[in-house]
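To start, I am sharing the structure in question, which I have written as structure tokens.
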Amino acid sequence: MIKKIGLAIVAPVVAFTFAVGVAVLALLAVGVNPIEAFGLMWDFASTPTSVASIINRSVPLYVAAVAVAIGFQMKLFNIGVEGQYLVAALFAGWVGGSIVLWAPFHVLVVVLVAAGVGALWAGVAGLLKVTRGVNEVVATIMLNFIGFSVIGFFLGNFFSVDSGALNQSTPPLPPSAQIPGLNWIFTLFGFAEPRGTELQGFVIIAILIGIGYHLLVWKTRFGFELRASGMNPGAARMAGVNPKKMILYTMLISGGIAGMVGLSTMLGKLHAFTQDFPRGLGFAGIAVALLGRNNAIGMALGALLFGFMERSALILDLNDIPKEVVQIIQGVVVLSVVIAYEVVARIVKNREIKTASDATQASTAGPQEVTA
Amino acid sequence: MRSELKRRGRFLALLFVFALVAAACGNGGDETTATTEASTAETTTTTTEASTAETTTTTTEAPKPGEGVKVGMAYDIGGRGDKSFNDSAAAGLDRAVAELGVDATELEPTAGGEDREENLRLLAEDGNDVIFGIGFAFADSIAAAAADFPDTNFAIIDSVVDAPNVASLVFAEHEGSALVGAAAALKTQTNTIGFIGGVAGLGLIEKFQAGYEFGAKQVNPDVEILVQYLTEFPDFAGFNDPAKGKEAALAMYEAGADVVYHAAGGSGAGLFEAAKETSENTGSKVWAIGVDSDQYNTVGEEVREYILTSMLKRVDVAVFSTTENFVLHGQQSGIVVFNLEVDGVGYSTSGGFIDDITDQLEELRLKIISGELEVPSE
Amino acid sequence: MTAKITSLGAGLMERTGRMSSARKYALLFILGLFVLSLVQLIAGTKQLTAPGTWGAALRLTVPIMLAALGGLYSERSGVINIGLEGMMIAGTWFGAWAGWQYGPWAGIAFGLIGGALFGLIHAIATVTFAVDQIVSGVAINILAAGSMRFLSSALYTADTGGGATQSPRIQGFIGTFNVPLVSEWLGALSDRGWFFISDVAGIGAGMTTRVSWFTLLALVLIPATWWLLWRTVWGLRLRSAGENPWAAESLGVPVLRMKYWGVVISGALAGMGGSYLVVVQAGIYREGMTAGRGFIGLGAMIFGNYSPFGLLAGSGIFGYSDALRLRQDSVHAILLLLAIGLMMFGTYSLFKRNYQGSATQGVFAMLFFIWWFTTDDVPGQIVTATPYIVTLLVLTIASQRLRFPAADGVKYRRGEAH
Amino acid sequence: MNERQRVVELVDITKTFPGVLANDNAHLSVGLAEIHAVVGENGAGKSTLVKILYGMQTPDSGTVRVKGKDVHFRSPKDAIRSGIGMVHQHFMLADNLTVLENIILGAEPTRGIALDLRGARDKILSLCDQYGMKLDPDVLVEELSIGERQRIEIMKVLYRGATILILDEPTAVLVPQEVDDLFVSLRELQAEGVTIIFISHKLDEVLTISDAITVMRAGRTVASVKPGDITARDLAELMVGSDLPTPDTTVSTVTDVVELRIVGLTSLHTDGRVAIEDITFDIHRGEIVGIAGVEGNGQPQLVDTILGVRDAVAGALHLAGKDISGFDTKMRRDEGIGIIPEDRHRQGLLLDSPLWENAMLGHQSKKPFARGIWVDRTGARDITREIVERFDVRTPGVDVNAVALSGGNQQKLIVGKELILDPSVLIAAHPTRGIDVGAQAAVWEELRQARREGMAILLISADLEELIGLSDTLLVLFDGRIVAKLDPADVTPKTLGSHMTGVAVEEEAL
């Protein structure tokens, strides 16, 4: 067991080391001292402000990763998180800004609308898959593009308020629909309060989503059926799991979580869906899910790693070091992590079989062949 | 075992290729630096000569007034080298460094631009005295940062932020566009001109369009104006898709337009390609009009001769004069409009293609400055 | 039942890449042209069949088509390639760099190499290490975008006339040509304004006038690919790796090597698509200039049922609708086109005794017609979304008829029986 | 005897797999241009023997002689070089390639760098002509029937110049008309000098087509006969063996209460062919109903349809008097139907999950595995520990992944987890397949015990000893239908063999 866990940790460590190695090469090639660069990054990232900023960055990445991971659990690829969260944020922002409600309920309504719209948007792909056999990867890619048009159409024609500025946006969320920041946590633990960056309160909801995800996948019947259909569809069917239902439910849940990706920024900072609402979180979320191997904690670490790299990249720029090097690290680490996992998984499996067959040699009809 | 080795070999080869590529880049950069430095130096001097006749007199003494003043600049997406908006700001900064002796620190956002506010704060914490946010997207960020750093002077381009330590530098793009519109309408042989906008639905680009149409109609009421936007919000690709820019331009030239003006950021490159291609294919010259900076000087030499003029949005002037004012007078705030009157917007004459009509353009310019004509902004 | 529903879209698709059903598709094509001229007549526009529109459509089609073609090689060899976008990005960057240094033809070559490099990474991950193919593709996209930005910031300094997001202009141009006689003759004919005949001539003229040599090269790749995949030993073996690698292995086909070929060529073609954007259209590299064309190419390939001619049709839909959108006053007619298209589809369904489907299609046709009749303009976003919606619709209607390579996406390891 | 020249001789072949003696001094001797049938029950060692000939397996001892020369094939390639070709039961064809492409793949004729399609087509057509086979080289394989696909496989072999053809159960997948066509083709091949070795257990066909028959049982060659010298019944007896196991002498526990009643159950293959037809029988409490039959006669389809994994097109199911025909799989499982699936790996286990999760599979909504919507981790692990103990699953703990267990222990886990919650009906499909003798005995004992406690059990097995030893009633499944109901106490090898091989049906029809 310990060996197994050890090997599971070896994979990301090796991959990350490799990625850093590539980055070192890249830095050396442009004449930068890598040690100095990494030193700067580390120093900069360890201030309270940076910590708050890193967490703020990692929260939407984490939520997006969870959305992707839930699909991964049954080998279902929701590549449309990007479109789902943007469409969801638009409608949630519009609804939230258009109604007046008592504080916690207002936030709740916004969250529910976002989750609902995200689920519907993803559900289209799920429905097409179970009824018409349309591959979900292609369907969600198409839905991403269609979603962008939907946003432009609605924001441009219906939802936008004339704020005087050039930036079109949905009506601003009243204070009752905003989530207050959490900077007091820093002072509570005796650290300096972050300057200018408000630790977004949505982080708590993100943690809840993470816990919920973990519980759902590992502690509930549904999660068990989900994983079973991912691991062995044949066995799952024999166990009474309806594959079509699972696909649809999984897509809905994944889309629902995806719908909440943009909320941390919207409820904690922008207070509206604006035309420069953050993009690309869906795709980055896929990377984080891969990095964290669909594990609730692992993905949190992955998201923090991405947040750390993006935040600390700022200091590189200030020191005239090409900050794009962090993007290389991100790309290489994702690719090498998946390769490392694949290799390690194979080693672990073969070793497990070997030890077991050694132990029970006497009473077996031969070791089981691996046909994964 | 052998296949294992082969596999490993392949992987190493890949790594090697990567290293080579990276190394090649490093070398390439160095080589080209030397050769092109001279040419950029030239262009900067020409632009400064053209535009700073009134303002430069005070700042040529030996001990530069801005020694010790730190200026920070946070670019918008695209950053230095975008051959457009950001580059214009950079030119202003370079000039301030050269003439005022200030220290400059520059930051660029990530591709998505989410870190604008953090860049501002970083610059503030870094001890910069004046910090520029280049672009309207900085509005919220500057408002927030300015509140936290009351002793730092901020400046935003293209938007208005109401705070005691923020200078809002806005441009009358519609006025500048009116002049190039007039130039287009005067130069057209076919009585048809065109306008290509990058992204529709933002409001910003529509301002350019309105001015352009107004100016054209002023000098030639019968002129036909074709309008085409490349994408609609939220698809920002329209600012970055030269392929689509080119096709839209080709369509306009084909439809009879012989002068086309763009406000499409990076997609404008496609317009210039289209102008060249159409001119060469049809044998009759068609024109393109650049935007923001003097694009005659920033595009490749092959397409230079098709750039009739450019609508200058003197972000460089705004950056420089704001810096200079800070150096000389301290804290700056309030709205500063850079219009025709203060040469904040204008048109370029590089290439000498509009020398024959500058009189008429000047006449129109004076009318606008005097208030005789009011250019609509939407 | 539902499986019996056939569609125009599906009809456009080559089932197998064989040319045997060419006549049927030619017939469909002519029918489509007729509808186009009819719509044009009713809507009172000239753009639908204008030579310029079709010329633009051709140029806008090519990069998508090259990406789709790249997808074809990869998926035919049994490897899903969602990294096309990243490979295309690499193509734009490398194409611009070499174009700047050595001229446009070198740009094409380097675009190809840049794409192939990322194809190779994808191959190593998926074929050698048997990593999930979609996972690897996603990672490729991230890696390509990041490393190209890094290279830009390192190499396109302000002094060179570029920047972190933009390259200097490439040197020189790739020439264009007119198809002798045909171009002029068709051009003259298209000016006559004769119903249908001039329209067809206009389309022909658009595609034979001022065609870039690179465009020609790209178009030649379609029949060349068909020939390569369906008429050579190499092609047969490549396809067998994607259909039944175990059978292929049992007959001595080096399956892994074929997959490597497929994926690397896939990257090369996507990279070539990227270099087309640079060399023929933009003259520069600009970050984000691929604008999702790799993903669109993937959609076009699936739309085209994994055949070279089918994916040409799929890419053409995207290219044509883009071209229409970039030209004035032609967009509104799309509504009428949709109405009439759906009407014909509905009639076909009626003929096939699919009354429910026919009724739905009829209702939608009426709605589009009313929309067209009562408005003068359509929101641009709807036009932008049209090709994606059409692709999704075609997949919905015809996905059971689509013929995926049977072992596409399957992890294959040597010696592991099915 | 008018001996033909011996082209294939396998002498004293012995081959063991871990725990299994597949071939025990087996013999095979085939003459030139002979159609030679190898018959035997499931697991008699036929496949292993021909795989040795084809180079897919190497024998532990014994001699392989082809055309009079001793050979040592290390891979099928060697065999192909010696002119031996094999057509597997599961075709190795690429559906989306044409017939021609499938045939020439790997041995393509070229003209320059292009495929010489015309040359290939000519060669295939001339081969077709020569051997009297009909094939259109230019259609896609996916459009073809099973029989045509088989012809492609044969053509693939002939194209590569084989003169000795091995067919592994060629008729198992064919409809009667296709069987006739195949036989015509085989005769043509024979006339052209091709030697054919084919494996079968359909005795009528064997008697129709073959020139010589080798009968195998339990890894041994038990007889080499000529079809003219033997009747189908005698052949069936040779196959099944004369010493049928005696049924268990324990008292019958069969009660009068019908637990599962199946009426007229019919379901289809995905391609629309009938898989099982009009299946009707009852299982009483305390009864084991055994399904005998050669594989490929609808056993897995019957299991799937009873479980609701496959939709029935007709028929009804009553569980303890309750109509469960409209229930989905989950509801049927919850109603108390347990299943020991045929294929442990594909249908029974989550190899990369711990044992306790495997035990939960199929019980995921039942106590003590679940509490409400939650998985009851403690409960599940406790009961898994109980399973491990009671059913003697050898494992370091319940948290190890299933993949780590040996086949026998995996099977014991499956049997245990199905029995532990006392289902009212248990479907046991090949419950002892591929496990060692010790585990086998343990599983049998558990089934008997469950029967004693009143469980209704449907036992499907290819192992006659198991079937006769355990069953109270024996049903014979042939071609998707139940063709006989026998009493294991007085069943004879002859009757069982003739029912299983379809001989009895033929005779009745006559």
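By letter and in written order, the chains are A, B, C and D; residue numbering begins at 1 in each of them.
As a working rule, a residue touches a chain if its C-beta (ideal position, glycine included) is under 8 Å from a C-beta of that chain, and two chains touch if they have at least 3 such contacts.
Because the structure is a prediction, the values reported are computed rather than measured.
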{"item": "Pair of chains joined by more contacts [C-beta pairs], A-D or A-B", "value": "A-D"}
{"item": "Distance between chain centroids, defined by C-alpha means - chain A, chain B (Å)", "value": "36"}
{"item": "Distance from chain D to chain A - Cα centre to Cα centre, in angstrom", "value": "47"}
{"item": "Separation of chain A from chain C, taking each centre as the mean of its C-alpha atoms, in whole Å", "value": "31"}
{"item": "Intercentroid distance (Cα basis), chain D paired with chain B, Å", "value": "75"}
{"item": "Residues of chain D touching at least two other chains", "value": "none"}
{"item": "Where chain A touches two or more other chains, by residue", "value": "26, 29-30, 148-149, 152, 156, 371-372"}
{"item": "Shared interface positions of chain C, touching two or more other chains", "value": "121, 145, 149, 154, 164, 292, 379-381, 384"}
{"item": "Touching chain combinations (by label order)", "value": "A-B, A-C, A-D, B-C, C-D"}
{"item": "Residues of chain D touching chain A in the complex", "value": "17-20, 307, 309, 328-334, 339, 341, 343, 345-353, 357, 360-362, 364-365, 370, 373-375, 377, 394-396, 399-401, 403-410, 434-436, 438-439"}
{"item": "Interfacial residue positions of chain A with respect to chain C in the complex", "value": "26, 29-30, 77, 79, 128, 132-135, 137-139, 141-146, 148-150, 152-153, 156-157, 283-284, 286-287, 290, 322, 324-328, 330-332, 334-335, 338-339, 342-343, 371-372"}
{"item": "Residue numbers on chain C that touch chain D, as the complex places them", "value": "16, 18, 227, 231-234, 236-237, 239-240, 243-244, 246-248, 250-253, 403, 405-406"}
{"item": "Residue numbers on chain B that touch chain C, as the complex places them", "value": "7, 10-11, 14, 17, 21-22, 25-26, 28-29, 32-33, 36-37, 40, 77-83, 87, 90, 108, 111, 200, 226-232, 235, 237, 240-248, 250-251, 254-255, 266, 269-270, 272-273, 276-277, 281, 298-303"}
{"item": "Residue ranges of chain B touching chain A (in the complex, touch as defined)", "value": "18-19, 22-23, 25-26, 29, 105, 107-108, 110-115, 117-119, 121-122, 125-126, 136-137, 139-140, 144-145, 148-149, 158-160, 201-204, 232-235"}
